[in-house]
Amino acid sequence: MIIVLKKNIHEAQRESLRSFLENKGYTVKEIIGQEETVFGAVGQSGLDIREVEMLDGVASVVPISKPYKLASRELKKEDTIVTVGNVKIGGNRIAVMAGPCAIESREQISTIAGLVREAGAVILRGGAFKPRTSPYAFQGLGEEGLQYLKEAGEKYGMPVTTEIVSPSDVDLMKNYIDMFQIGARNMQNFELLKAVGKTGMPVLLKRGLCATLEEWLMAAEYLMASGTDQIVLCERGIRTFERATRNTLDCSAIPVVQKMTHLPVIGDPSHATGLRDMVNPMSLAIVASGASGLIVEVHDHPEKAFSDGPQSLYPSQFEKLMRDIQALAPVVGKSLE
Amino acid sequence: MIIVLKKNIHEAQRESLRSFLENKGYTVKEIIGQEETVFGAVGQSGLDIREVEMLDGVASVVPISKPYKLASRELKKEDTIVTVGNVKIGGNRIAVMAGPCAIESREQISTIAGLVREAGAVILRGGAFKPRTSPYAFQGLGEEGLQYLKEAGEKYGMPVTTEIVSPSDVDLMKNYIDMFQIGARNMQNFELLKAVGKTGMPVLLKRGLCATLEEWLMAAEYLMASGTDQIVLCERGIRTFERATRNTLDCSAIPVVQKMTHLPVIGDPSHATGLRDMVNPMSLAIVASGASGLIVEVHDHPEKAFSDGPQSLYPSQFEKLMRDIQALAPVVGKSLE
Amino acid sequence: MIIVLKKNIHEAQRESLRSFLENKGYTVKEIIGQEETVFGAVGQSGLDIREVEMLDGVASVVPISKPYKLASRELKKEDTIVTVGNVKIGGNRIAVMAGPCAIESREQISTIAGLVREAGAVILRGGAFKPRTSPYAFQGLGEEGLQYLKEAGEKYGMPVTTEIVSPSDVDLMKNYIDMFQIGARNMQNFELLKAVGKTGMPVLLKRGLCATLEEWLMAAEYLMASGTDQIVLCERGIRTFERATRNTLDCSAIPVVQKMTHLPVIGDPSHATGLRDMVNPMSLAIVASGASGLIVEVHDHPEKAFSDGPQSLYPSQFEKLMRDIQALAPVVGKSLE
Amino acid sequence: MIIVLKKNIHEAQRESLRSFLENKGYTVKEIIGQEETVFGAVGQSGLDIREVEMLDGVASVVPISKPYKLASRELKKEDTIVTVGNVKIGGNRIAVMAGPCAIESREQISTIAGLVREAGAVILRGGAFKPRTSPYAFQGLGEEGLQYLKEAGEKYGMPVTTEIVSPSDVDLMKNYIDMFQIGARNMQNFELLKAVGKTGMPVLLKRGLCATLEEWLMAAEYLMASGTDQIVLCERGIRTFERATRNTLDCSAIPVVQKMTHLPVIGDPSHATGLRDMVNPMSLAIVASGASGLIVEVHDHPEKAFSDGPQSLYPSQFEKLMRDIQALAPVVGKSLE
């Protein structure tokens, strides 16, 4: 940590500050400049930097260590390739996950699975336990839905993923699915992260609505510290003053976070925009930004969907999207295969 | 819902739109103006307004019903007074809850309880299960902490409150505490809301870091729909572009939300600012805004606190704060007693 | 405007409200529903909707007219094609504007003009009057810079654009340039908008750091109401809580605003990210989102640039970018030619 | 500046980095720690820190000097007391400025001046050149309005203030007014800041809608570097995701910025909330936060105001507010006299 000293600091304050830091286990070096003098304090310590900010003679304090370790690109230089069933995510591959917002029936998920598989999707998504803003909204089919999802995945040779909303569902879910999803609203539900991490299974970790990149990586760190290293990060829009779209897709987060971590990053254009017409342009923007894939909501009859119909693609729109991605992929040095 | 029609809508589109709405159970009235024509559609239906926005001939759609019902001031005009043990929250009373961020030992919580009680606090707070951004940080004493909290509360005649972070802790915790706290990061952890709501016990519901007032009331609605009507809302700062303070205290949310709901609203100056020196001015600003109380972090030795020491008040600062509140209360027509 | 009435409104209040609106020139229709009753009030009036919100018996008020007219897609369905010298912006054409942040010398702007022209740029940019956050930073060469810019543009057959920061510079500048730029910080400098609009010349209007799409279009409306219809909108990043990049590029604003207005929209990846390494991926994301072009900072020696060197591309990076755009353009149905 | 080195930096990179910094005039010291090694570089240089961030072997760079000097509390420890006519702003005094949003007629401004003076306001405000979001809205009476404002101020012994929107109005306005106002949308209109600063007259500088505290102080620095040291800062709400109020009043900015600068800070509850009912609670919150005063919109007939009627207080509400402030002032160690 770097401690910028006040210009009028007394000698006694300066020494008292140095002693304080040394007692906490830091090595302290002083740098005297024309405009300011700073202490550089290095060492491993859980000290809250605000403790130091409040000491007499201190103008400001700047942390220099990153709080995430296992997720850091510094620790591991090579890209992590996450394996979900027979699918690899990361590297030069663009992996597209698709399916309905909610699993509504055995027939519905099977039909949609067939359609998205045909168009080129490699992982099937579908919600069985839905986190809904209103207590009066459809909350999902539960275990019955998981059963249908697994069947549809097996039928079309696709690994499956679904969102988990409670630590107590871990044991049940792991029998049915290939990858857990942690939703944006649960990104800092630390008990859920610990329970899911312990399984060692792949996890799709969505960015919270107002999570900084560092907080997002700290959530990944929770998963990794608990036992899994198979994590796919997913940008899905952040909350800003602009409300013309449901959220603001933060495209530049994709290349930026890719420098900070070795974990693959994908994007979710459906939740980012909330509007079907915006899904295709934003999907292309996500791929152009360098993402390792997409997760997209598709429904055979969006107008009858139990939830999020307005942001679900029609099958023909999804087919068009897959063709466009195929054309775009070489521009960014990647491929769908 | 109000549907603004496009200027160039065809007669057939207009009729098709009207039929669509009527089939969904709405009564439709048309209003023809100089600049625009609108359909007013009234009725009870779970229709996602984005469904209508996408129909041909529709320029925009505006919802007019509020999604929260039980929490709404329209449903219940009189202020709800929440009862926590022997303490009433709401109405003309300013209730101050205080205590350390984390319970660290039997002696620590007992000492602090005595100090804050003496200064005028009426409810004791202290964390036993801590949601921490880093998996490597102190996570609380768990049940042992709850035991110490309960003892300290009984010793000084104060009801106690602590944060709950997992649905599976409900049964354990309800034996020890008088009010649950739902933290900002769990405001939309719907499984937790349902589990806590079922107890029927009082709940302190913090506003999420990027929650709108409506989403905050929808979280209260989850609690109410699950079985409790004893809810205290707590403004604790929102995330904005300004990072000079940890969060941005949204003082005006206090009078605004008080118009929307009958539930009492308090403020948390400690988490809103993250800085001890800002706690007292912001506490006064919260009370001046019309809040029904405060929850404040106090520690007998903040510099040795296991967590959040830098935002914890020294006992003498808390005593000063309570005297200032006593002087301020009559200006806003309230009192500490 | 739609007025939602309170459930407990008295008959007298209702009639008084109706009279108030009719006196203001509105036609009022009532819609009675199960859950709520609303008044639809149509007519042309400058009434501030907050006036109505405060009347007794009113629960809320919803505006239905858009405040921008001339800029609206409803008024003019076909895309506006803006003509800047020999260049057309809009339609299926992707127009790339490039050049240094600041004009530093006759030689510098001429050299860079040649490089970007060779790579495929069609308009030359360069700042002569620089709006700088610090009063102590380089403020531009002024008229001398304009002279060099004009010469460089003529030498390489490119129309030129530069930022204007004061209404008093209009007469001077119009002798030298082909298109005015209004910067993000001046988007609501209405006196500047009026002065520039009066010239009838093309204008590149950047979005303000915290401007909603509607406010952005209202700024365009100022320009149009003052006398020009040759306006290019430019998304250049908004301010959000995320500070890993200088601003947050709002890609989805591009297709959304394109539905609201007939004016062409381009993107500025240099200011949006502030980081050279992010300029190319974000340029591709902007084009993939459907933009009509880009404005990019390029410098022959970014490490010696007087300003914004760190976000300026090296010439070789710009050449690579232009090749990538050429490959990407057909995917979105466009071309560079 | 502090440069954090990458863990795998080569010796040659390290030396090359050191040379680069020394050539730019910095003194460089190295601090080697267990987890990271940093360079501390001190010296005066206009180097853009992003230049350094891009060098090989650099993990991150942290600035340690503040960019504002004249406005800084470090340069001048004592509070600046700004003198506007016969009124002092700053120190233990709470100064209340009041008046209508826009000057509408000689009679209107005179009537309101009498009312607010009687209630205890010490400075009269009123807009003559109005910056309006819509080109079709009332833009103010211009010089005629300034004349009426001056007359009203003289009649009731109050100095007057009004907003300036163009550098070309400086000479005209300084004959009529005692203090310039720079509005939120013009906070970074640097040409305006320079022109106003040159007069040496007092300036009320509002915070921009999305300005950080540092940017706000940099705007003050522009004024000071141009020739005035009589600056009053005014917090008036920032733009956030929350739209229940027009803006989000950032109360905690008041004590925070007061630590950063010696200039006095006041608050504007009218623009912060946009709603009359919120003006009084937020006025009290501003004073409780430690502000040196308020600027409040008051109108004798708000329902007939040409602009911002819905946020203007009735005279009786303003009288009540002044009585409440008088009661509150001693709690924060201040007084209205």
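Labels for the chains are A, B, C and D, by order of writing; each one numbers its residues from 1.
Definition applied: contacts are C-beta pairs under 8 Å (C-beta built on N, C-alpha and C of every residue); 3 or more make two chains touch, one makes a residue touch a chain.
Not measured: the values here are computed from a predicted model.
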{"item": "Other chains in touch with both chain A and chain B", "value": "C, D"}
{"item": "Of B-D and B-C, pair with higher C-beta contact tally", "value": "B-D"}
{"item": "Taking each chain's C-alpha mean as its centre, the one farthest from chain D", "value": "A"}
{"item": "Where chain B and chain D are represented by their mean Cα positions, the distance between them in whole Å", "value": "31"}
{"item": "Between chain C and chain B, distance of the C-alpha-averaged centres to the nearest whole Å", "value": "38"}
{"item": "Chain B: positions in contact with at least two other chains", "value": "210, 239-241, 243, 277"}
{"item": "Of all residues in chain B, those that touch chain C in their complex", "value": "2, 4, 6-7, 27, 29, 31-38, 40, 42-44, 59-60, 62, 64-65, 74, 239-241, 243"}
{"item": "Residues of chain B touching chain A in the complex", "value": "46, 48, 50-51, 53-54, 67, 131-137, 165-168, 185-186, 188-191, 194, 209-210, 215, 218, 221-222, 225-226, 239, 274-277, 303, 307-311"}
{"item": "Chain A-touching residues of chain C, taken from the complex the two chains share", "value": "210, 212-213, 238, 240-245, 248-256, 259, 272-273, 277-278, 281-282, 284-290, 324, 327-328, 330-332"}
